């Protein structure tokens, strides 16, 4: 509820067209709907101008179904991250256009394919093992109305591969950069471009990668100033943030 | 060196107006200048359209002086972060307009005060102890040509203080959010606005704050999707990234 | 054995109605019973006025059966936490009124449903994924004689949901607050109420949540002073502690 | 602002005695006062019925002075934790009754010594090195209107010392238990009493104590169910929480 | 090879009864036998006067069989720790007296049951979940010729259970103390007795127990001076060390 | 592209035998081939004079097949690490000489068995459980053209076994040393020889080995100066590095 | 209070020579004396047959003086660990025979120099930097009545130095082994002898030694079974434990 | 003592020209000299063909003096790392040619400046703050007889600086690569060259660099296969290892 809305409501009270009790009730009427186990907040997505997104992990099939049903009634687009095949089958039963991407474990209903972003988002990843996270970012960014350019398998140890993509990198308005192991890619990319770079550490690696901790720490300590970081494997979050920048 | 420049150079060789050796030399002429201990890269800042920035910590007085001298010859603005009072005196001797901010340990020469940013950057912090980091962000963002709105001491435990600033928060194009201890502020701010939020964990706290680790982890796990994170106490980096967004 | 009991015993010795050897034996008679593998201490629960509780994890079916049998002979109420379906079947064979809650993996025999607590305990959680832990707290608090108010899915990133429940929160005598990821909810709740808040970090999340460590550290560093913390996923412990407060 | 207050305000608007704009202004008038660097929230303490508390660490002398001055104008009691001797001198200049406790680095103005707590709070510590933290708890609990019983130097390795204090422990309504090193004391105390125990890990120890981490982890894993934990060295927080329980 | 043996050998060379080449060969004759994948050192056990011990984990069935066969040819006793049921079946095929203990995953051939230890070893554990580790210690200590007294389920939160066993504890020459969670038991036991206590942290617990880390740190920081520590879940190592003390 | 090659290309442009556009095209022609999901860089291996190596983990069967096919067309040798049996079957279908080593999970095609290394590489490991990692090193070093001497099961606790191999150790030009648990072997080996020692921590162990962290830290702190370290379980990397030294 | 004493007391009550109240008082009379800030437990040391020991760190000069005075009245021997020079001067003023060892920061009063230990304790250390910890062990073990053999600077990287001391090592009844950095020495020593080895990790080192953590983890994972571990830098604890073994 | 020497000695005994006792004595004569607090091993350096090196940190001035004196009598070159100015003055008093390098805290006596290395060692560092570690490597490598090429301030965020030095990098036989913060430099360098790269993490940085841990983990996870790692800030160790490679 914004200030103008509040002012309008108070004016109605002042004008006598709304009782104090009704005003109170209205003030209490929160913009979310109660499903019992989860308060689906239709207004949050609207507020941000984003499609609805649900994290599948940790929810039962029944919960996913109920939430998906509730959301699909109001929105042509839906994204469910960290979902499994059973959830995918359930959503496909609700909407036959639903797609499932097993690599990134994502379910997508993409009814409204209008491009809203003002320019391109480049999604870069260091090795083939980072592709699941990059794919989550790609699917998210697409359903949020962005044009995407993917540049995969351009790690720092083969720096010429990365350099040969300098032009494509500089055409993007914002870059998402996924890397596991030492997580050095965002620093190199950040030094090559003048646009914002969102670094996504991936849990790829073994031993002293400690499930993405090495990449995370590396990215937080990046010597390139145009780099910020999201959680390990959080391709969704990076795409969300990049979308915000691409809509400015 | 961009592709058009390379093509032009090759055309000159083709036309005979440039020898192969001279072309080779030109290709090798790197856009940085060698001071012996540090290669000052005047082009990097230009490339990003940013003023020059130096990190004082870990440099000798002599190094700071030489770098500052070299940079001030080419640029009206200069920022030295993590500097001490002796460095400040040295820079003031080079340029009497230099300011020193002891709280954030920052030296600034601010000759060109043109506003470049397209809208406001809000800088929010949770407690008074977070102000040094917030100040580093503010000084950086100002010298980079942004209009700033500072909203200090609005921690999550007094949520009404934060809510009373909702309007100001929503007027900003991008928000920098500094918090130590549990680092919960960016989640709350992120949920209140639809603009990008850059979270800066601070090393404020004691015991199980582990010098900012608790805040860092909290921010990386933020349930608000419009939040990214920079290194602990990295007010400079947050301001740099916010500036990039504010110039789009 | 309290001081008055000891004095009484000594008086009996003094009066000659008890020999030194018998007194010695009595002093040695410890209030627990030996099942060989586990000393079931019927007096501990009595001492605290609590029903019997067993942790199922790490015990064999046989052990669970023997302990449950021994306890049910003396008490109408029994709680087994971190139990699996086989244990549940075993206990149901002993007492057909036993319930099993698969989400929180809890077995409950609730013969005596008298309310002992003086007011309500509110149980709040941040997201649907935190419900298993919240449910463990709820089942525990119920069997210990408390009236419960559950307020689920009110995370910090949608702060208005939380604020719309302020009245219900302030009606509780003590609040249990379960949250994973950044663990910011207890700080926000703590700032809204003046009653004690018991924070339960949950292992919900991924990447840098490190199985609840991020939430745990966040809660320990809470800027709200009316917050204490129990172990990750320890819904039982929070309910036990809340019960103690609710009986004062 | 509570619901009745809001209703009253709306009624005034309805009755025409308050314009919509004035009502709006009032709704925006937050119950804190802006000192520029810190928003002193007089209402928060009132809301919780607690004296004002300030953390000295990380504030300049000037800030401490301004905040102390502002608070002392409204309240007879004031507590400043983690303060140094210079801060103490500054506060003594404002109020000659101010006391400074160097061991716990606490400043206290204790004008109103009314006892509000309904029973006693016992403060227990394991070794002499834990006394600074225990003292912070004691000074805090006293100024918050509690009667205190201190039982110091009763570590687990000399269990008979602890057992000889069983009666005193059981007379308390709530127990604060400070211990460093292995942090075992709260488990032992928790097993001896039926009242809530608030465990405070201290940073006492060396080597693998890791500045209180060992004690913190030990306490979080306590096998006694009536134990919750606050941050390392957080004697203040434990006393605050104990006070809440002692006022129920 | 001891100094007297070396001197004797040199004297034989001096006397001409041994050629330099033969002496050289003898000096090179190392007291182990090469099975290709593992050098079975029959002398090490003999040197320490201990039965042969093999760690099953990480070995193939074939390797376990070959090593067991080689060892059983020379020794009536054999212990295989961290073994599975298939390994047990393999060893039973070699020696029908072999026993398998599924709880502690131990295989034992106990042909020579002579008691060598000079007094008793007490094995104490805090909860039933610690029994697997305590059982590994018990089986190891038995096959190494010690008389054992087991005192299980005497955790610190029920301190009177522990105290009621003071006499039995003081009858032991050395005590093995297994505990998970907060690992407080060794401190309490250490304070009650004057004999050496070997603490074994167990990986029992959840959340902030971090697979035994909390117990390990607690034990290393024990305030009782008569406590040393072995690796998490290392019941075998504790029994080995206790055996050395019991043979002095 | 080296400087002489660049000079030659420019001379061709100068001479008119190459147009600027063709030169540009040539400069852009990067020495890798695009398979869509992974850029197979045939030149990198050639540049280092090494056979092609692929990490199987994290790749789909289809990707492994496509990459293997592409590589086998150009090279007689191929190594796939961290591969499973299905991948092995797929590669065997492409080349019937392919071998699979289940212990180290390695696939090898070894068509060209020429020895290139100038001397021997010794591979030492502490216990039988370290053999999988040592085997990965051995298979890698063999396919890269080195003669190998393997010395297994010579841990520090049986120091005479290690000492009896001093001569063999000193015959190697470089030593790979694999050890888990305390990771002490490289220090002992390093002190016995004057050649470079490459330490490989293995994830062997339990409890406080923390999946190889203890061994890793031990090796990084080695008091022997001729020791460097690679990632936990990285037998491949150690062999690669040793090969470089053995070719000098 | 032992069982016979309790029986005797009860008999006196039975016989009428002791009233119930006096018996009660006697039962409450705890064997420690209250100095206000620290309960000096004269009986604990007597119980273990050890001299009195005080940890200086964290105590004020006044406390050290009061405790030392109280202890010296009852005992000819006194040890104060982690003491500074001012504490030393204070104790020397109480007893002119007091010695101060600045390297290990130990104060010792050694009036009764009777040897109680049945054999020798060897104290081994890896490098000169480990000597402070080894010296704390030595001074402690001496004042506790043991004969000591010190073997310093015999690190694993120079294994022949260690081997040349095999005879001396085997003459000891128990060995204390101090090492920082990789902490490999106890494994090597443990493999050479058949007596108990007590490992003391030291905080010597830099970088990835993490203040002794590397050494601690290494020792806990020792592949030698006759090794147990005490806290980082805990020379005192190792000596105490070794003394217990040497008195058996 | 090698096998041929042992055979020769035994032959002398056999021939009667050496008594058994004298042979025994000779066998016991270890190649180190005992200074009481540190066994200076002249043979170790000789064995490796290296000058003598001492770590100053943790030694007293007297110890440094005694060791330096003993070493300088036998060797024209001496290196003392982690030394302070007082140690430098002491060594200069022993040998007036001694140099002190305050940045890297190194003392060097460089009497014999013969070049032994077969080619050049390149020392690369990422930023000016890494120079102290790089300088320790340079001074060490020089005194060990290597020709050095230093390439400083070529971080990954300005990748063109690094690329412009490709030729110099490829001229080296081995490369030492020092970097703090994210530690990405070795991966980039490793991908550009085909020679061994020794990575040295530096403790440069702040916040989540955790004193070099981020750089260390990054380097251990390097995607370039020709990279190994030494301890944080261990410029000496890297130079030592590089020297071994440069002498092959």
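As written, the chains take the letters A, B, C, D, E, F, G and H, and residue 1 is the first residue of each chain.
Keep in mind that, in the parts below, a contact is a pair of C-beta atoms (placed from the backbone, for glycine too) under 8 Å apart; a residue touches a chain by one contact, two chains touch by 3 or more.
The shown structure was predicted, so the numbers you read here are calculated from the model rather than taken from an experiment.
Counting steps between touching chains, the shortest path from chain A to chain E takes 2.
Looking at which positions face the partner, chain B and chain F present mostly the same ones, since more than half of the interface numbers are shared. Between chain D and chain G, the superposing rotation on Cα atoms measures out at 90°, rounded to the nearest 5.
Seen from the Cα centre of chain A, the chain whose own Cα centre is farthest off is G. Farthest from chain D, judged by the mean position of CA atoms in each chain, is F. Rounded to a whole number, the gap between the C-alpha centres of chain D and chain E is 49 angstrom. Put simply, the C-alpha centre of chain C and that of chain H have 58 angstrom between them.
A straight line joining the Cα centres of chain E and chain G is 25 Å long. Residue positions of chain B with contacts to 2 or more other chains are 3, 44, 127, 158, 191, 207-209, 213, 216, 220-221, 231-232. Touching chain pairs in this entry, ordered by label, are A-B, A-C, A-D, A-F, A-H, B-C, B-D, B-F, B-H, C-D, C-E, C-G, D-E, D-G, E-F, E-G, E-H, F-G, F-H, G-H. For chain F in complex with chain E, the residues that touch the partner chain are 127-129, 131, 152-154, 158, 160-161, 164, 204, 206-209. Only residues 3, 44, 47-49, 53, 167, 173, 191, 194-196, 198, 216, 220-221, 225-232, 236-238, 240-241, 244-245, 248 of chain A touch chain B when the two sit together in their complex.
Residues 28, 30-32, 37-39, 41, 44, 55, 57-59, 63, 82, 201, 203, 211-213, 216, 231-234 of chain A are the ones touching chain C in the complex.
Taken in their complex, chain D has these residues touching chain A: 3, 6-7, 10-11, 13-14, 16, 19-21, 23-24, 27. Interface of chain E with chain D (complex): residues 126-127, 155-159, 163, 180-184, 187-188, 190-192, 205, 207-210, 213-215, 217-224.
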